[in-house]
Amino acid sequence: MEAATEIAEVGRGFYHRGWVLGTSGNFSAVVSDEPLRLAITSSSVDKGRLAAEHILQIDGSGNVLEGSGRPSAETLLHLAVVRLRDAGAVLHTHSVWSNILSDAHASEGGLAIEGFEMLKGLEGVSTHEHREWLPIIENWQDMVRLAGAVEEVLARHQEAHGFLLRRHGLYTWGKDIAEAKRHVEILEFLLEVRGRTHVALR
Amino acid sequence: MEAATEIAEVGRGFYHRGWVLGTSGNFSAVVSDEPLRLAITSSSVDKGRLAAEHILQIDGSGNVLEGSGRPSAETLLHLAVVRLRDAGAVLHTHSVWSNILSDAHASEGGLAIEGFEMLKGLEGVSTHEHREWLPIIENWQDMVRLAGAVEEVLARHQEAHGFLLRRHGLYTWGKDIAEAKRHVEILEFLLEVRGRTHVALR
Amino acid sequence: MEAATEIAEVGRGFYHRGWVLGTSGNFSAVVSDEPLRLAITSSSVDKGRLAAEHILQIDGSGNVLEGSGRPSAETLLHLAVVRLRDAGAVLHTHSVWSNILSDAHASEGGLAIEGFEMLKGLEGVSTHEHREWLPIIENWQDMVRLAGAVEEVLARHQEAHGFLLRRHGLYTWGKDIAEAKRHVEILEFLLEVRGRTHVALR
Amino acid sequence: MEAATEIAEVGRGFYHRGWVLGTSGNFSAVVSDEPLRLAITSSSVDKGRLAAEHILQIDGSGNVLEGSGRPSAETLLHLAVVRLRDAGAVLHTHSVWSNILSDAHASEGGLAIEGFEMLKGLEGVSTHEHREWLPIIENWQDMVRLAGAVEEVLARHQEAHGFLLRRHGLYTWGKDIAEAKRHVEILEFLLEVRGRTHVALR
């Protein structure tokens, strides 16, 4: 299962940057389309030791087909993104800046990032004049409710390359793991720039 | 002594994150319950070079049974946590943010962390709506006095997953080394989020 | 192609520091002077995986002579720097602080850095009393226009060791890759010092 | 030359933490006392690639006895510290926080650090109630003048474990390389805590 190896390597890289400490974060990649088969991180794994053996294979209803362990509690969100964005991979990080900014901008329902060259790292964006709206969704433990909120936001913001869960973290995706990884790096970078800007501009 | 190898690896990882620079920090794990045998870092070891040979084995009174060197000066605190929390491992870091926040909130006697998904990485916490109270204890060089203060705080705050020593650092624990390591990562992450929040929210 | 191996190693180092996340950044080195042959990073490569095979060889008009892939979109800027500064290598990073400061100081047209010992790491600077003026250039997607702006700034600021593109990043160069790498480290360091200074001085 | 290997390893470690970017920083260790022989980093070496071959051996007047290259421009400062403190090793870093704080507190002539457990990592300090006064010396390119200023400060502040050169960096030392390395980590940690404290306390 090649996807598992690639997911594990990407995950350990994020751990080293401090974007998925502890057992936080979860990652998935589509292995086949019809029927849908998703490789997804098992729940409760130390992301610093993430290995291919911690990646399960599930079907479109979240049933485990291969591997042992429980799939991530947030499997429903991954499935929603795959379905509504036709994504080949979904990556979810818990960084310091996504926690801070998702809280600071919660009342506005999202965060606009505009005017940065780095935005061109997002698929389909060809100019820094792009305005990326990163929706912020209130966090819930009820996964059916949360998946519903995610679906509604994805439908309303067709252009969005990711979203934030409040005081929780970032979700982004791509046509494959490499593209989704790039989106994580771009968005985490831009969140850090936004978060630190207040200091420099005063 | 497998615990020694695992402690050493965890310790070097914390060193790379800057949570135990110099010879700061100390780590222990229960090797047997009855009679109590604790593997614990020797005093004055460079945490960047921590190896299994720097881990001693002591009894419940702090006497060295195996290995050479003096056990950590804070052995009494480790023993208190093991006894009062039935912990299998105790980890103590000296991070920048635990130093800053333990001082900033000292007069309140603790620091509340609430509403973050990351809190679910703490054993027994199943919702971000959890409110973690991290008690802050005044720092003393008299270890008997300090151990007494720790015991009193542990008794008063049965739910706490860790505590801060003022201008000193974080103590946390778990049923085993892996759980204690996860608790360090979760709590250090949340301390960093708290410490940086002021910048972003203004 | 030795230059390719060295460029790749330098690039992965910058990735680890977070100065070229995603596919951001691009690097080049002169392989021969007459006729001009430039080794330059291919477009859209994950900088964490940059390898010698991702480095193309182009002529002075940007035509690919060796290797497969498109040369960096910013090839014209590299060629302008090579020509006007007689540079042997050109390195371009996208760091958090260069993004923040290039925006904060855009209306002044540049940023002065003065009085730091670290400035002596810039070629030809022999005292910390040096005043480095880092010009800031408005960012454009039209590369002919942007190259024109770069040429004009390089002509006007003969002493400058680098320049910033607004909300985009840093360009610097050197007589060889080692010197250009040193200039990146010196300037990124000084930008971080400048960016963080506000906090400490209040 | 064992000292050379150890110096090189310590130096690369500091480079990875960002404390000696570019060719900044210099390190030395006493190889013999009578007559004085000092192993010291050669000038202008990329600290990320520092190897034993970049370490020279000099006598007490700074003449090169072994190795090729020029000894560090700051050799006189190393010799002054060795003489006046009977040090076995001297390490000099250029960190972001030492640059910021040496400037912010220059008019007071130094910086007090007090009340932190981490201070106990400094040789001879046995309680966090210790008050460390880190003198700040104005930076000069004239090394004779600067060495004179260093000697005067070392004589006046017999207790100091290090000093800052304004907008330049930190000097500290120890009886051997291991102790000097520990002092760098302790002091850099405490400078970071001091530098970041303003944010958290407001």
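Here the chain labels run A, B, C and D in written order, and each chain numbers its own residues starting at 1.
In this text, a residue touches a chain if its C-beta (ideal position, glycine included) is under 8 Å from a C-beta of that chain, and two chains touch if they have at least 3 such contacts.
This structure is a prediction, so every number in the text was calculated from the model and none was measured.
Peer 1: Considering only chains that satisfy the touch condition with subunit A, which of them also satisfy it with subunit B?
Peer 2: Chains touching both subunit A and subunit B: none.
Peer 1: Counting residue numbers used by both copies over all numbers at the interface, does the subunit C-subunit D contact come out same (over half shared) or different (under half)?
Peer 2: Shared-number fraction below one half, so different.
Peer 1: If you average the CA coordinates per chain, which chain's centre is most distant from that of subunit D?
Peer 2: A
Peer 1: Determine how many degrees of rotation, between 0 and 180 and to the nearest 5, align the Cα atoms of subunit B with the equivalent atoms in subunit D.
Peer 2: So the copies are related by a turn of 90 degrees.
Peer 1: Compute the distance, rounded to whole Å, between the mean C-alpha positions of subunit A and subunit C.
Peer 2: Between these chains, centre-to-centre, one finds 31 Å.
Peer 1: Report, in whole Å, the distance between the mean C-alpha point of subunit B and the mean C-alpha point of subunit C.
Peer 2: 43
Peer 1: Would you give the residues of subunit B that are in contact with at least 2 other chains, written as numbers and ranges?
Peer 2: 196, 199
Peer 1: What are all the chain pairs that meet the touch criterion?
Peer 2: A-B, A-C, B-D, C-D
Peer 1: In the complex formed with subunit C, which residues of subunit A make contact?
Peer 2: 13, 17, 115-118, 121, 126-129, 178, 181-183, 185-186, 188-189, 192-193, 196-197, 199-202
Peer 1: Can you list the subunit B residues touching subunit D in their complex?
Peer 2: Touch residues, subunit B against subunit D: 18, 21-24, 46, 48, 94, 96-97, 99-101, 103-104, 139, 141, 165, 167-169, 195-196, 198-199.
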